[in-house]
Structure formats: structure tokens, C-alpha cells
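Both complexes below contain chain A, partnered by chain B and then by chain C.
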Partner chain A sequence: MKVDPSVCLNRRQLLGAAAIGASGLAANMAQVELLSQPAFAEQLQQADKSVILLWLAGGASQLETWDPKPGRPTGGPFAKIQTCIPGIEISELLPKMSSRLHETAIIRSLNTKIADHGQAYEVMDTGRIREPGVQFPHLGAIIAHQLASTHSDVPDYVEMYTSTEGRRKGAAGYLGARYNPMFLTESMMPENLKRLESIQDVDHQERADLQRILSQQFSMKLRNNVVDSHNTAFQRVRGLMSSDYLFDIERESQTMRDHYGPTQFGEQCLIARRLAEAGVPFVKVARAWWDSHGQNFETHQELCADLDFVMAALLDDLKQRGMLERTLVITLGEFGRTPQINGSLGRDHFASAWSCTLSGCGIRGGTVYGKTDEDGKTVVEGETNAGDLFATILAALGIDPKKEIMLGSRPIPLADFGSKPIQEILA
Partner chain B sequence: MIFHATQRLGLLSLVMCLSECVCLSECVADDKLALSVFIDQNLEQTFEKVGVTPAPLVGDSEFARRVTLDLAGRIPTPKELKEFLADIDVGKRERLVDQLMVSEDYSFHARNELDIQLLARLQWNNEWRAYLLQAIREHRSWDRLFSEILLPEKMRPDDKGAVAFLRQRANDLDAMTNDTSTLLFGVNIACAKCHDHPLVADWHQDHYFGFAKFFKRTFATRSGLVAERFEGDIKFTTTLGEEKRAAFMFLNGESIVEPELSRSAEEWTEIRAKIKQSESNDKADPPPVPSFSPREQLVSLALDSNKSNLLARNAANRIWARLMGRGLIHPIDQMHSENPASHPKLLDHLTTELADHDYDTRVLIRGIVLSDAYSRDSSLPDSSQLPSPEWFAVRTPRPLTPFQYSLSLWVASRNPDSLPGRDKPADWPKIREQWEQRAEQFARRFEIPEEHFQVSVEEALLLSNSPQIEGEFLRNQSDTLVGYLQTVGDEPRIIDAAFFNVLARDPKEEERAIVRFYLGARGDRRDQAIQQWVWALLTSAEFRFNH
Partner chain C sequence: MHLFSAVPMPLMDRMILRSSLKEMIMSDVLTRDMKNFKRTREVRSTDILFAIANYPDRKSVLLGSSDAGVYELDLTTEKPDRIKFSGGHRSYVTGIAVMESQAVSCGYDGQLVWWDLQTRQAMRTINAHGKWIRRIVSVPSRNAFVSVADDMRCRVWDAVSGERIADFTDHDAMTPHHFPSMLYAVAASPDGRWIATGDRVGHVAIWDTQTWAKKAELEAPVMYTWDPKARRHSIGGIRSLAFSPDSSQLAVGGTGKINNIDHLEGRSRLEVFDWQKGTRLHEFEDEKRKGLVEQIVWIPESTWILAVGGDNKGFLNFFDTATNAMLHQDGCEGHIHGVTWDANAASLLVAAHERVEVWAWEKTPFEN
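Up next, the complex of A and B:
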């Protein structure tokens, strides 16, 4: 986005006219901007950190991914393979990942109890059991709220969810609509990000300036933070519009596109990397549909190949760019799958002993936390839950999970009350 | 006390009449005035006590914009505003209020507000919205509405809309329990589910489960009705590990005992089978109705005003919060002994007024909007510290609700000559209904403002770049403001007309200068310049709020 010098001139003139018309109006505007700076500076500290969540919608099987049990009645047909970390074995369906566990921690001991899609989403989206009357924010909104800077030129929270199965838009709940995701379903280019052809760029810019001058006079008089949020939102419009190139993978070299592969999931992860690189605090990419009640093994053969290829490509790319220390990659779904294999050679919903992974930022790689029994039916070591997982994610990003948000008179910690980060997998 | 549609069309004096009042307009007017006076005297006492200087009262145009948004759900049309400003009668604010309260607009707006309070956050439901509209048009009282939405099975078969409140929550006992206690009684008892409330001595697990038990037997039939089973109990474990059986207990601790009825095993089998049928088959007969209905018990406990005024108190506090930007009890779902009202006597008085006037919420609404408290400025004349909002010394600006915003965008962007004044044409009801339908598409895209509301980037992007915004509000045609301004010619008049149309006021000198400069720099594309400047007004913060 080149800056046209004549545009700047015009804008100065416009502001100048304001100063002439209203004694001190321009000075007042400068004051508003100055006032907003301390908060901005504070947020800058963590502003370079990002999360990419690979959401395995429908629930991936831990036995065909991170916690294989070959040779057991529950094990299924696939073997396990030795990874690059001595003593750690994962499913043979993830060969690329097996040689890239240096930056990844595997959690094998999630017991989140709820094995119904709807309620399980809520638990894994919010890190808490639902409570009537309280709209808890989703993970992406919590992270955006903590990491996003007020006047950022990039989105705070982007969610890509192409398939319709299990699709639900992330919610900011009591954090307020400011932290709702930019939600991409059909097109990977966000809605309303492009200027209409009927207005030229200089006019689009200057009518926004005009609106801002009119609005700021009003909001300075009222001194109310809800009114201020209107100006903050509009001030971000131009920046966000100029971030449209982030969603355009045509701008990547063919080599890089080949690296991520031609699949939709691969392309979306490439967009996710572009967004994280530009400072977007949270990106969720959903890959559906893992809900293999029938033919679990064929399903996982196909989906794991995609996951393995793309996740490995993402981690390699992030590492190569020096971004992995500041980017946390999570693979997670709403639950795992039953060790018992049902009559249709499927696995059903299972939330009592399942796995997820954390890679990169703040994570001690090459580690496994927790253990299930030899058939994978129960957790025998290091049982953990959604609250602890959220606390771990926050701690890995350098955010205090006990930090409280006041909801009316009630303090609510970022990670569920009583949860603790899993220190063993934190760097 | 049910008002009929025919009465509604009667004289102004008739409409505000209350059941025990013999419909003399003077007596009613005195009544309302008394309430406004009470409000102001009560607030002024605290101004003195805490040492705050209240903001001055606003002028006529600010008052008109504020009260039209609150009673009609939209900004005033330029003609309405001009006529009001030209009126030199001392009682003109009162007359405006009374006119708005019997308008078509009032019913639509009151419906939208009730929908937001009770259901819209969960579901958009046309049948329910039609039900609410009808109830408001008939001036059904709040206690009657309350009974209808909690006992929808008692409604006529062709009037099923009320069922949505429970049906939307019927498969979730916690949602029925807590939403009912929060929305209808102002008491959020969710904390008391897992432990006695940590801060509040009033709410124990007994209350939570006791209240939940009224809903335990409620279920939705396959055909979309709500009914009750003949059995269903709640047991819970206290924090000390003791197992308890919940009683049917209202929030005030009042409980009732279910009469014992003996049924043979065959009878039970038949009852259960029929209920099961109704749950799985939409063609099945309606399920049998138990002689003991827990929800009916709940309704009668809540309506026993000798024992509990929670229903009226919550309604009074919510009406106050809606019109004043904050509840007398804040947050509005924390009505308990540890969170006293900022003005306890005032809340008591509003509660009593509502109950004494047969739960006619219009009595409170009228009293509040005619008080000085309602007419205070939302800013101070100097830069001194803003007093804390609970003193109501300065107005708290309120974001427009989705419908207020969408409708106002529509009104503001029309050719002012095409909009009616205070006397409406004969086909006005039809036109107003069309406005409502038109407003829906954008209303559904804006956030419902809640406690932590902030304007979203999504909204700013929508308003900045959506072709629908351009098509709906910025077209250059004879029926639009943009089209109208092209015909005015004279620049000062263009500027004044647009400010008046959109912001319901005249521009300040510096604003005129800025706009003149903006238009002047675009002599080669004047049509577009006007479009852009109208956009800047329509999307301004000043337009986005009721202030």
C-alpha cells in the first residue's frame, strides 16, 4: 500500500480546516491520541506472540495419533513408530511429525468427561464447564483480549471454518464484541475488507477522517469508554483493509505453496502463518470431520495424512522463519475416541483419556505428559482437564492464568478457578 | 385489567387510564407528575449528601431525540422534530411523551425490547415476536405476560408464541432455572448451584435446587409445545457431602408440598407411555396434564405480593436501567441483600407503583421519562470530574439497540419531505410495519448491547465497505437524503439540513467549516462528496448512541 503524497497533503488540509474552524480542535485530537498511549505501550510487550490452533473438529482418535496402543484389543490395525525423541512413540499415521517432536509436547492424559459434541465444544472452547447466565469467552477471544493492541492494523482473532460439520463461530462472551473473531467460512477473504469501487481511495480515507473529527469532538465531551470504543473500531478499519494481502496466498512463492501442499487445510495454514507473522494474536484453522463412528481407520488414514503433512510444514516454516519461539501451535478437538472398536469398525465419542499437543512458544519440546493404561481406557498418570490446558496455554504465552476479569461483582480468572499450568511441559 | 384494541384507538386520556382510576385524564396526569417529582426529590437528596452537582437539563431537540429513541425505537423525523420545537406550550414535553406512548412505534419498540430481555440472545423467533407485539398492543400487564410465558400451555391453541421462552430452554434445566430467576426476578442464583452463595447470605443451594424443581418436570413435545410430567424430583449433595431432596422452594424461601396422590401401576404406565409418545411423535395426542403443576405453583408464589415483590422489583429496576443507562440495583441480576440499591427508597417506590397500578409498565416509563433525571445532559459544561454513574447526576450514554440503530439509519437517510410529522397519514400503520421489516436485515447484524459492550470492528467494516450500506442508505435518488441534498442548492442550507436530519440538531460553526472545506475540495465530484459526508454523519459516534 503506497502512500500518495497528495493524499497526505489533503488530510493535513482537512485537519487544518478543523483547527481554523474550531479553536483547539486539532490540539484536542492530539490529546486524545496521547491519552490512549500508555495502554498501547503496555500491550506492546506481548504483542509479538501468537497462537495457531489446529482444530480437529469432530474429535480425532488419540489411538491413531499421539497415544497408539498397537497389539492390544483396542489398538486397531496401525503400528506405532519411534520418534526423534528416544522413548516417545506415536502412530505410524504421523511419520513426518515423528521426526519433528523437538518443539512439541504431547499431553496424553486429558479427562474432560463430556463426550457430547455440543457441550464438549463449549468446554474445550472456554476451558470451563458451562454455567447458566454467564457467557464465557472462547480461547481465541481470551488470547486476543490479552495480546491484541488497541490500534492494531491486523485482526485480533481469525477463525477459518470451511466445512459445515460442527461449525460454530467463536464468541467473545463477556469480553465484548470487540474480541469476536473474523469468521471465514466460504471465502478466505474476510467480508467488507475491500473498498467498494464506487469510492476512490482518497475519498474513502478522508470521509473516515471527517467522521473521526466529528465523532471525537463528541466523545471527548462525553468521556465514556463505550463511546470511545466506537472511535477505536473505526480507527482500525483502514489498517485492517490494508491487511487484505495477508489472506492472499498468491503472494507466496510456488515453492512455499508446495511446501504446505495443495489441500484446503494446507492453504489455510499458510494463511494462518502469514497472519501470525503480521502479528495476529490468534488464528484458528478447523479441519473436519473426525467423527468416525464407522470406518474409523480409513477416516484416520486420510485425515492423519493431511494433518501430518500440514502440521509438519507449518512447524518447519515457523522454525525456519524464527517464529516458533513466539508462536504457539495447538492441535486439539472437542474430545478423543473410544478405545473400544464398535461393530462398524468405528470409534465413538470419548472424553476420559485423550490427547492433544502444544508446540513452539513457551513449550518444552520433546516431552510427553501423562499416561493412559495399556488399553487406553483410563488415565493412570497426570490426569488433567480443560482448565489446566488453558492455564498451560496462557502460561506458555507469558500470561498469568490467574489474572482476573471482573464480571459485575464477581472476579473470574482467565483460566478456570482452581486450574494449574502443567509445569512439566513449560519451557 | 385487559385493555382491548378498540380502547387503544380511543382518546389519549383513555389510553393511560388505570383500572382503579375512573379514567379522568387529570387524575392520571397528576399521578404521573407525582412519580416524576418523587424521582427527582429522591435523587436530589443524594446529590446533596454525596456532594455532586448534577448536569444541566438538555434542550428540546436533545430531549426529543432521546425520548423518541426510548419510546418509538427510532430518531424523530425532521418534521416531528420541527413541529415539537415550534410548539410553545409549556406542557409540550408531556404531550410528546403521551403521543409517543400510544403510537405504532411504541408497540414495535416495546416488543423489540422485551424480545431482547427474554429471548433474542438465544433465538430469533417470529411466532414469539408476533405474540409479544400482540400482547403489547393489547396492553397486557406485566404479571399477565409473566404468567403466560411460564404457563404457555394455558394459552389458546392459536396463540402459541408464548411457548418459546420455555421451549428454547426446555432441554436444559439450568437454563430454565437461572434464566427465569435472572430475567424475571433479577436474581442470578447460578453460584448457589455448587455451593451456598459465597457473598450473599440470601441464596443457598436449597434455593437453587428448590427453584430448579419447579422446572424439573417441564419438557418440550415433538410438536413444539411445553408440558409437565407427573413426577420428577431433585436430589443434591451439599458442600458438606450431605445428600438432600430439594423442596419446591421460591426465592423468598417460601416452599410448598406436593399433595400425595395414589395411582395404580397401570395408570403410571399409561401416563408415561403417553408422555413418551408426545416427546417422540409430532402427531401424537397432547400429553396428559397433571393435576399438580409445579410451574403453576411457582407463578402463584411469585404473584403473592404479600410475600414477595421480586417480580415487580425486577421489572422496575430493568425499566429504570433501560431508560437511565444503569439499574438502581447494578448489575441488574444481583438483586440481594449484599448489593443494595443506590436509591433504596426510590426502588421501593417504583416497585409499589408498578404493583399498585396492576403491573402496567407504562406508568413507570411515563414517570421516568418526564422526570428531570431523565432530561439531564450526558456531559458536564466544564472538565470537572464526572460523578460516579450510580448517582444519575449525568446521563450515561447508551448504545442503540440493533433495531433502534437500524431504524434510525433508515429514517436519517430518507428524503425529509417523504417522512411524516406528528400527525400520521391514514396508511401509517402499514408504513411503520414495512419500516420494521426493512430494519430487520441490519438489526440482525448488530450486537445486542450488554454489560461489556464495545463497538466491534466487524460493525465498523460493515458500515465502511458493505455494498448493502451504500445501496440502502447512500443512494442518490429522489426518496433519499442524499438525493434531497442535491436539490437544495444553497450550501449553508445543505449543511444545516443534513445535520438536522441525521443528528437532530444544527451544526456548530466549526463543523460547518469542516464540511465546507470537505465539499469545497471536491468541486469536481460534488454528488459523491455529499454522499461521503452523509456517510460520515450516519456512522458517527454521536449517531450510534442515545445520549
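Up next, the complex of A and C:
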């Protein structure tokens, strides 16, 4: 199926049509007929879905998280613990997650080959190797392009990366600037979103009304794409300005804030839930910095405690709100860490056999895909590359990974050529 | 004849004899040229060796390993074989303390194991702490062993019965930044009167072994690095403690402030306190060989301190508190986790990353 990047059904219209269909009123037969069309059915399947990506920047150790090897020379000092799923064991550093694997699939067989921070980040955030002359969109932009509504009042793609090490901003590439992220670095509240104090809200509203009237009059006489685009952008800015409350966790109860804990990562994940709840299709929360060349085990004691607490809180919260079945939570970084323990009790970069997780939307929870050898040095079953992971993420959201975007006359599939979703972990 | 071979006499008498002999020999160290202090032997392995102690009444050492084993290694043989003890730990063995003919090891499994050194069998295993045990020391005057762990507790164990005698802490479970803290270091004063404990954020407490009440506290905050901006996690902490021979001073080891906390690239750091007055007497930082000070050894009858540790590699730093200067420095390929003088106090035995090393004074022309 080929799609022009500019064509996308309005999410709100879509939900409206779905509601009509669901109620069986069939008042508008045209809309009901629309429901029977394959393209519309696919979009309906995608409706209201979101992704929250927990980006473990710097590269978390698979051996201290999802693929422990205790007792082996490479295993490190931590034990493994039985999870709520018989036969699946994870590191003792993730006790809360061990009782929440019903909603989570673990992929233990990533072989993404590139173990340099910058290049690996690009591979894992675009799902493919860089190609000269093509600016591939990052995962958030792809998801925003597929799931966002044209006239949405909320951002399509939000990234939070407050640490400075390894900070890299996602990009929409050939999808166009419309799908670039709102990138939060210094503060959890977007900058330049507030109305100037010198302008009253009523002034602002009246200016918007005047702009709309003039535009409508203009359009009645002379239809013009540039003017339409300007109107759309203006409305979108108004919408974004009115969405600043989503970033304000003071609006949450103290109980809810305690649920996510006092750390910055916890607060950012609470914001991520608020954004997903409001319909933001893609939120990336980067937790830096897992690059544990020295004192790997203590680094993971510190950071896994944060990840375990916050990820468990997020999954619980999404589930209690009935959001988990339409929200995909991913843990991923640019690579894993070496099985070999270096002289500083550290682990170095390693992309040949590492792990990630997918939870919630479209995922068959309580599953493990792939296997590494007894020392964690190689993948022995189910080797998975970045393209396969992207295909799996898209499929979990009801998006055809083979859907092609036309870049000029060149069709480019959403997930890389030849990649396949991992059916074993899809619901 | 083995200088420290056991002779039938009361425990305290034997301790005094052993101490005086050692001091006598150690004073001989001071007459030797540090330039002749060299690595004389290296025994490679594939594991990480965290702990080393003299094997009582034998010319061999006890080792604590990352493979969860406790080993005997006879360094007098040309091709030494390690003999593994039977039973014991389930994770890294991080400390071994010896008192008389018994040894107790500690590990990241939270267990203390009492060993029968004749049979090399585990005699007793105690679930001593809820988290990693970092270090164990013996307190012969109280006939006790003292352990510290990441549950932030310091616990005292009867050497014979294994019963817990005391349990105390002055260390917060969480860092000021809401992450788990760690209790790395413990030391007993030579006179057996005091215990010192040191944690991740640079807090030291000194305890009276007669009452187990806190006597004093010190702060060494430079040794803890919290990076709130670039990487948002922490590293460092107080990794070693040692009382001076007269028990009046306390040396505190760790690392200086670290810019890139992915690595142990901070200067090795040593602070010396008059702990009863609470005053810092000396600060030593070295950036030539960086990393953590894992163990501190005071040279008896002298003003010298040996600090060992490392980053990806190891260092041996000799400082002189009389001149506030480094006397001598050397290093090895592996991060050093622990050292002990051999029974004759003639050689320094080093437990390091994937190796044991022996360091000694090469004979000088004068000695020949």
C-alpha cells in the first residue's frame, strides 16, 4: 500500500466514525461504508494508540536486566529471579518487573552489530543503516506520521532528554518538519509555549478569530494551499499553547506522584502517561546514562532501581486507566554491554547479543523471544535486527510495516526492506 | 622457621608477639630503597580476585574470587595450583578475615561462611545481611568478626559461636538523590577498641567496641560524585579505612571528584583524620594512576601509608604523612582489590583483576 505523507485521516473524525459504527445507528451511511474499506479499517485499528519509549541512553546491560547469566564467568554478581511467568527469569535488580511480565515480551536476541554510540543510536532510532542522500525518519516521527491527526491540539511527538551526555534529537527526515519532536531538555515544561504576558488571552483569541474570518473570506474567493497550510499551522500552535497543562505534574495528586517516585525519570514518565492519555502518539523519555565502563554493577544497582520502580509504576498506572491495551511501552537503548567484565568492574559497548522489551498494546505478554549462549556472547536463536524490531513495533500498533512512503518516485517501506515482525510476541 | 608459626600460648600473648615481630620486620622496610620494590611474581587467572589473607601456619594465601569460590594458593611452588574450598558462597567473595586458625569469608550473596582450614570445608554459613557484604574484619580483642553490607548495617559476630553480638548503623539507606547507598568499608583499630565504617556518600562513623555506641563521625564528601546533569548517576564513595598503629588517626580512601563517571577517571584520594578531634590532617590526591583506593595499610613504626587500588589498572602508592608527599608509586595491569603482607612481612601479596602478584624488595648490593 502506497501512501502520500500528506494524506492521513483526521484522528478525531476517525473516532467519531468509529463511535457511529459501534453504536449501530448508521445515521450516516457514507461513514458506515467507510468502515468497510481496508484502509479505513487499518486506521481504525490504530486509533488512539500511543507509544512510550523508555530510552536507556548509553546502553544498559542485558546481563543485569533481561538476560541474566548468574554463575557464568560473564554473569556478574547478581542472581536471577523467577518471574510471574513460569520458566522466565530476569535479574534480581528488577523485582517489581518480575511480577509484571504478564504484559511484557522480552526480546533477548538483538544483533544490531554497531557498537558506537552515535551510529548505533541512529540505527536503533531509525531502524536501518544510514544511506547517503536520504534522511530517514526516526521512530517517533514514523509513529507520529502514522497515528497523529492533522488537526490535533496536542503534540505528535515529544522527547524528554534532560541529561547532556549522549543527547541526540530525533528527526522527521523526509516526512517533513511537521513530525519533528517537541524536544525538552532543560525543563519538563516546553519553552516558548506560554502566551506573552503583554498579550491578554482575550486579545489572543480575538486575533485568532480575525485571522480565521479573513482566511475564510480569502478561501471563498481564491482557494490556496499556502493559506490552508498557514491556517493549519496557526490552529496547531493555538492547540499546543493550550496543552501546556499536560506537562504540569502539579496537577496530579500527591498519591499519584508518589506512585511514580521522586526521581526525575519518574516524573518524566508521569508526564509521558499524561501525554499519552491526551492522545500524544509518541513520547520518548530518555534516562541517561547507562554507559558503565567502570563499576557496571553499582551503576546498574542505581539505575535498575530507578527503571524497575518507574516502569512498574507506569505499567500499573496505564493498566488501571485502561490504557495499556492501546499504549505500547518499549525499553530500548543503542546497544547492550559486553559479557566480558573489564578491569574497572565495567562492561563496554556490545551490539551482538542484547535485549529489549515491549509491553502493552499489541503484545503477547509473558513471552521471551530469542536466546543467547550460556555466556551471553552470541545469539543462538531468533536473531533480530533493528528493522525486525521496527516491524514488530509497527505491527503491534496495527500499522503495516511494509506500507510505503513515496520519496519522490522511490517507495520506502516504513520498516526496512526485508524486515519481518516477530509474530511470536504479537498478540 | 616460619616466624608466625603457632606456639601454645594465650591468645593475647600471641597477638602481642606477632605484632611486635611484625613491627620489627616492618621497620626493616624503612631501611630499604623503595626503588627496589618490584613485582617478583605474577600468577594469572581468569577470575577477579577481591580478597586475600595469609593462611594461618602455612606459606600460602586464601583468596576470594568472582567465581564464588574461596581458594588456597601456595606461592612457594613454581607452578602453584589453587585448591578450592568446599561449599560456601553463591556470588562474589569480597572479603576474608582470619583469626587464629579460623577464617570467615563474606560475599555478595549476603552470607558469612566460617571455614575449617584443616579440611577446607565450610563449617557454618550465616545469612548475615540482606544485601551485598562488602568487607569483614577481625577484632581479636573481642573475639569477634565485624561485617558491613549494602543494607547499611554493621554487624558483629562471635568468632566461635557465630552469634550476632551487635547490629548498628549511622548510614542512610538512600543517597540524597534518592538512589540506594552502599556501605563499603570497615576497619578495626590495632588496639581493638574502635571500629570505623564508611559509606558511599562520604560519611564515616567510629564506634566503641566496648559498648558499640557511636563515638565520633567524619565527613569526606569529595569522595562521592553525583553528576546531576550530564549522566545523572553517581560513583565513588569511601572504599577503604585504616587506623594508624597507635589508633589515633584514621585514613580514609576513595577517589576524588570524577568528571566522566562512566569511568574511574578520578584521582585516587586519601584523607587522614585525627578522628577524635575531627580534624583532617592530610589529603593526598594522585592523578598519574587514577581510580579507587581499595585498601590502606599503615606501615608500623613509621609515618608511611600504603594505598592500593586502581581504575582499569592497579596502583600501589606509598605516602609519607611526615612530608605530605608521595614516597613511591608503582602499578600493575589489574585493578588491585586487596593486599596483605606475607607471614614474614617481606613480601606484599596482591589480589587483583585476573591475577595474584607478589611484590618485594629486590636484594640490594648491601644485602648481598
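Rule of thumb we're sticking to: the second predicted complex is superposed on the first by the 362 of 427 C-alpha atoms of A that agree within 3 Å, B and C clash if a C-alpha of one lies under 4 Å from a C-alpha of the other, contacts with A are read in each partner's own complex, and residues count from 1 in each chain.
By our rule, contacts are C-beta pairs under 8 Å (C-beta built on N, C-alpha and C of every residue); 3 or more make two chains touch, one makes a residue touch a chain.
Note that the coordinates shown come from a computational prediction; the quantities given were computed from them, not determined experimentally.
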- Message: Just to be sure I read the superposition right, which of the two partners does A:Val283 touch: chain B = first, chain C = second, or both, or neither?
- Response: neither
- Message: Quick check for you: in the superposed arrangement, does A:Glu131 touch first (chain B), second (chain C), both or neither?
- Response: first
- Query: Of the partners chain B and chain C, which touch A:Val379 in the superposed model: first, second, both, neither?
  - Reply: neither
- Query: After lining up the shared chain so the two structures overlap, which partner does A:Met241 touch, if you call chain B first and chain C second: first, second, both or neither?
  - Reply: first
- Task: May I ask you to decide whether A:Asn224 touches chain B, chain C, both, or neither, giving the answer as first, second, both or neither?
- Result: first
- Counting touched residues of chain A, say whether chain B or chain C comes out ahead. B
- Partner chain(s) touched by A:Leu324 [first = chain B, second = chain C, both, neither]: neither
- Message: By the touch definition at the top of the document, which applies to A:Leu184: first (chain B), second (chain C), both, or neither?
- Response: neither
- Note on the structure: Per the touch rule, the chain A residues reaching chain B in their complex are 10, 13-14, 17-18, 20-23, 25, 131-134, 155-156, 174-178, 180, 182, 190-196, 198-199, 203-204, 206-208, 210-211, 213-219, 221-224, 226-227, 229-234, 236-237, 240-241, 407-410
- Task: Could you pull out which chain B residues touch chain A in their complex?
- Result: 172, 174-175, 177-179, 182, 188, 190-191, 199, 330-331, 333-334, 339, 378-379, 386, 396-397, 399, 447, 450-462, 464-467, 470, 508-515, 517-518, 521-522, 525, 528-529, 532-533, 535-537, 539-542, 544-545, 547
- Message: Per the contact definition, I'd like the list of chain C residues that touch chain A in the complex.
- Response: 46-48, 66-68, 90-92, 108-109, 132, 150, 177-180, 182, 229-235, 261-265, 291, 310-313, 333-335, 353-354
- Query: In their complex, what parts of chain A are in touch with chain C?
  - Reply: 58, 70-71, 73, 77-79, 162-165, 261-264, 287-289, 291-295, 298-299, 301-303, 305-306, 341-346
